[in-house]
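Each chain carries a letter (A, B, C and D) given by its place in the written order, and its residues are counted from 1.
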Amino acid sequence: MSRLMNIAEAAQQVKPNSTVMIGGFLVVGAPQRLLKAIAMQKSDRLTVIACAADYPDQGIGNLVSAGLIERAILSHIGTNPDMEGLVTAGKIELELVPQGTLVERIRAGGVGLGGVLISTGLGTAVEEGKRIIEANGRRYLLEEPLRADVALIKAAVGDHAGNLVYHGAARNINPLMALAADLVIAEVEELVPIGEIDPNRVMTPGIFVDIIVCDSEEG
Amino acid sequence: MDKTTSREYIARRVAQELHDGDLVNLGIGIPTMVADFLPAGVNVTFHSENGFVGIGPSPQAGAEDPEIINAGGQFVTILPGGAFFDSAVSFAIIRGGHLDVTVLGALQVDTHGNLANWTVPGRRGPGMGGAMDLVTGARLVIVAMMHTTKDGRPKIVEDCTLLLTGAGVVDLIVTDLGVIKVAPEGLLVQELRSGVTMEEIEEKTTARLRFAGSVLR
Amino acid sequence: MDKTTSREYIARRVAQELHDGDLVNLGIGIPTMVADFLPAGVNVTFHSENGFVGIGPSPQAGAEDPEIINAGGQFVTILPGGAFFDSAVSFAIIRGGHLDVTVLGALQVDTHGNLANWTVPGRRGPGMGGAMDLVTGARLVIVAMMHTTKDGRPKIVEDCTLLLTGAGVVDLIVTDLGVIKVAPEGLLVQELRSGVTMEEIEEKTTARLRFAGSVLR
Amino acid sequence: MSRLMNIAEAAQQVKPNSTVMIGGFLVVGAPQRLLKAIAMQKSDRLTVIACAADYPDQGIGNLVSAGLIERAILSHIGTNPDMEGLVTAGKIELELVPQGTLVERIRAGGVGLGGVLISTGLGTAVEEGKRIIEANGRRYLLEEPLRADVALIKAAVGDHAGNLVYHGAARNINPLMALAADLVIAEVEELVPIGEIDPNRVMTPGIFVDIIVCDSEEG
C-alpha cells in the first residue's frame, strides 16, 4: 500500500541537502504541483537529477528560480535561461550527461547494476574522468549508476496500491526513476480504487511507489 | 538563392536519402522539414526521442494533447500504428541500432566525420540532450545545414575546434551548396546544387574536398 | 514429530519473520506453505519472478488462466492491486533491492552463510533459475528446510561442499529443529523447537553452533 | 509494417547453424506453433537462448526432441529430463546463466550496451572465465551482451504494424528478446487492424517486429 498525502505534506518529504530525481521532459510528465509546493517550502542545497531544466518558473524551473539547487545532473538546460545564468555565475554546479546515458545510469541504479558499458560520448568531453573498458574488441565508457533520496514522478492514473499508468509522451523517464530512489512520490491526475487498473495495464507497479499525491484530492 | 529555397533544397535532398520502411529521427530546424518532402512511395516512421514512434502532423489549434509533444517541445500527434514508451526504450531504439537514419544540424563538421553541435565558443553550451546518442547509435547520420555560418564562415572544416558531439560519426553532409560524403579518404562532393561551382564550394569550405566523377564531368 | 507437522512448524516460524507491507518471494516446497501462516495484521505482497506481484490463491478447477502461473509452473491467480511486468522488471525488483524477503530451500548451508541449492553430487544440476538472483538481491534471505537429508545427514555444515548458489548470503535458517541466525562470528541458535535439546541439534549439525542466551536459560 | 506470414513460411526463416532466442517461461508465452513447425523442418545445429528447457515435446522441448539443438544458453533445464539426458550425454553444450543475468544480457544486446556489471554469481561457478570489475568499492562480474539471428516471440494481440500486447505472465522475456535479434518473428493469438491498439497500451512497438504469424489466420 502507498500512503496518500496532500501536496504540502508530500513536499515536506524533500529535505535540504538531498538528492532528488524529477520526472518529465520539458515539463510534460513533470510533477508540477509537487515542484511548486517544494519551491515554497525552501528545502535548499538540492542535487537534482532530471532530463532538462524545463522553462523559467515551470517544472524544474520552479526550483531553479527559488534558488534551491546546488548541483544538477541533466542532459539539457537550453530552454531555461535562468538556469544558464546561474550555472555561468557558478551558483549551480552542472554535470551534463547524454540523455540516453542518463536514462541507463538511472535504470542501473534502480535495477541493481554496478555500471553499464556505453559507447556514447567516446572521443568527446563526456569521456573526461571516466574509466574506459574494452570488451569484445570495442571501447566503452564505464557509466556508473545513479540513485536518489527521493524521486518525484507524475502519472495520469494511480490507485491506492501505488500502481501507475502514464499517458502519451508524459511517460518518459518517470518509470525509470520509480525504481531508483529510496522514497518515491507520485503525483497523479486521477486516483482510482484498487482493482480498477487491469494488472496487465500497470506501467509502474505499486510496490515501487511509497507516497501518492492526487491533484484533485488533497488528502 | 534566397534562404527559404536553400532550406527547402536541403530538406528535399535529404528526403531522397530515405528508404521505404526506414525509422527516422529528425532534429530541430531544417531536419524537421524533411518530413514534408518524402518521395512518392517512400513511407517512413518518425521517432521522437522523448518517447514514441509514429509522429503525425501538427494538431489543429485547440485539439492539442498537452502530453503529446516532440523532442523540441512542440505539440504534435501520433499516427495510428504508433506507440508510446519510456525513455529507456526510446534510447534503446537509438543506441541498439534500431534507428535507420538521424538527420541533424551542426555547428561544425570535419574531414574525419567529427560533429560539433552542442557548444558555441565563448558561451556554455545548453547540453547535448539526445544528440550524442543519436549520432552514436543511428545507422546513417546525415547532417543537414547551411554551408556556412550567418556571417559567412565555413562550417565544414579540416578539424573541428568546438567540443565534439561525436567522433567519426557523420556519413553524409547536405548543405545549400550540395551533397558531401564522409569517406575514409576524406570529404567527397557527390553532387553540386544547380548553379553552384566547384570553386564556390571550395571557397566556402575550409576542409580539403575531392569531387566525385559525376561532379567533375 | 511427523514430517507434516515439521513442515508446518517451519512455515509457521518463517511467517513470523515477515512484516506488514513486506514484498516476499517464496520458493518451491516448504517456502510456499509460508503464505498460509501469516500472523494476523501482517499483510505481505508475494512476488513471482516469472513476472508479477500480488500472487493470489490457487484458482478453482476450470477457472485457471493458462497464462497465469507461478515460478514453479503452477496455476495461480493475481490479487486486485497486483501487476504484471516483463522479466527485466521482475529481476530489477530482486537485484535492485526492492524485495524484502526471499524464502528458499537448501541442500547445504554453512557457517559463512554460503548456500548450495542447485546441484547434487554425481548428477548435473538442473540450473540455478532465479535462485542466485534471489539470494544476491533480497534484503533478507531465509532458508527454510528440514534440518537433515532424508537419510539423516546434516545439511548445515562448516563449509559447503556442493557448488554454491550464493556466497555469504544467508541471514536466517529455519529448520524442523529450530531457528539459527548466520552471524559474523558463525551460527547462532536463537530458538529450539519445543522438545528439541541442544544436544540433538548439535548432533545433527556438522557446523559449530553457538546458543543464544535465551536458549541456554 | 511487419510482414504477415503463415507458420510454415515463418519457420523457414530459422536457418541451420543460427542462434535463436525463444520467449516464454515453462511454455507460458512461448511461440508454440512456430516451435512445432520448426521442429518439423529440421533446421539443425541451433544455438538456443531461452529461460528454461520447458517440458518434453512442449515449447522448446519440441526442438530438443527433434535433435536440432547444438548449444543452449538457459537458466534451468530441470523440467525437461530429455534435455538433461542430452546434456549429460554431451550431445548438447549447455551454458547455465542466472535468470536475472540472462535477462540483462539479452537486454544489453538489444539496447546497445557493451556489457553490464552484475554481482549475482560472485563467489560461485558463474564467476568462471569472467572478468571481475571493481566499481565504487564493490566487485562485479562483467556480463556480456547476447544477440541472436532470430527471435521467436509470442503475444496475445498484434496488429499489422507489428505492435504487440502480452497477457498475464506470458509477457516475461518476450519484450526483451524483441530488441535483441536481427529478425524478430512474433506469433500472435489475435491479429487486429492498425489503429485498434491504443498507442499507450503497446508493450512491444511494431518497429522491432519483422514478421507476424497469427494462430487463427494462416494466410
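Here, a residue touches a chain if its C-beta (ideal position, glycine included) is under 8 Å from a C-beta of that chain, and two chains touch if they have at least 3 such contacts.
Keep in mind that what you see is a predicted model, and the values were worked out from it rather than measured.
**Student:** Among the other chains, which touch chain B and chain C together?
**Tutor:** A, D
**Student:** Name the chain pair with more contacting C-beta pairs, choosing from A-C and A-B.
**Tutor:** A-B
**Student:** CA centre of chain A versus CA centre of chain D: separation in Å?
**Tutor:** 32
**Student:** Taking each chain's centre as its mean C-alpha position, how far apart are chain B and chain D in Å?
**Tutor:** A distance of 35 Å separates the two centres.
**Student:** Mind checking the centre-to-centre distance between chain A and chain B? Centres are C-alpha means, answer in whole Å.
**Tutor:** 29
**Student:** Which chain D residues reach two or more other chains?
**Tutor:** Answer for chain D, listing residues that touch two or more other chains: 104, 111-113, 118-119, 166-168, 200.
**Student:** Which residues does chain B have that touch at least 2 chains other than itself?
**Tutor:** Chain B, residues with two or more chain partners: 52, 78, 84-85, 88, 91, 94-95, 137.
**Student:** Among all the chains shown, which pairs meet the touch rule set out at the top?
**Tutor:** Inter-chain contacts occur between A-B, A-C, A-D, B-D, C-D.
**Student:** Which part of chain D faces chain B closely enough to touch in the complex?
**Tutor:** By the definition above, chain D touches chain B via 1, 110-113, 159-161, 163, 179, 194-195, 199-200, 202, 205-208.
**Student:** Give every residue of chain A touching chain D within the complex, in rising order.
**Tutor:** Checking each residue of chain A against chain D gives 104, 108, 111-119, 133, 135-136, 138, 140, 142, 144, 165-168, 200-201.
**Student:** Write out the stretch or stretches of chain B touching chain D in their complex.
**Tutor:** Residue positions touching the partner: 21, 23, 43, 45, 47, 52-54, 78, 80-85, 88-89, 91-98, 137.
**Student:** Provide the residue numbers of chain C that touch chain D in the complex, in ascending order.
**Tutor:** Residues of chain C touching chain D: 48-52, 65-69, 71, 73, 78, 84-88, 90-91, 94-95, 114, 124-133, 136-137, 163-168.
**Student:** Can you check the complex and tell me which residues of chain D touch chain C?
**Tutor:** 25-26, 28-29, 51-52, 74-79, 84, 87-88, 96, 98-101, 103-104, 107, 118-126, 156, 166-176, 203
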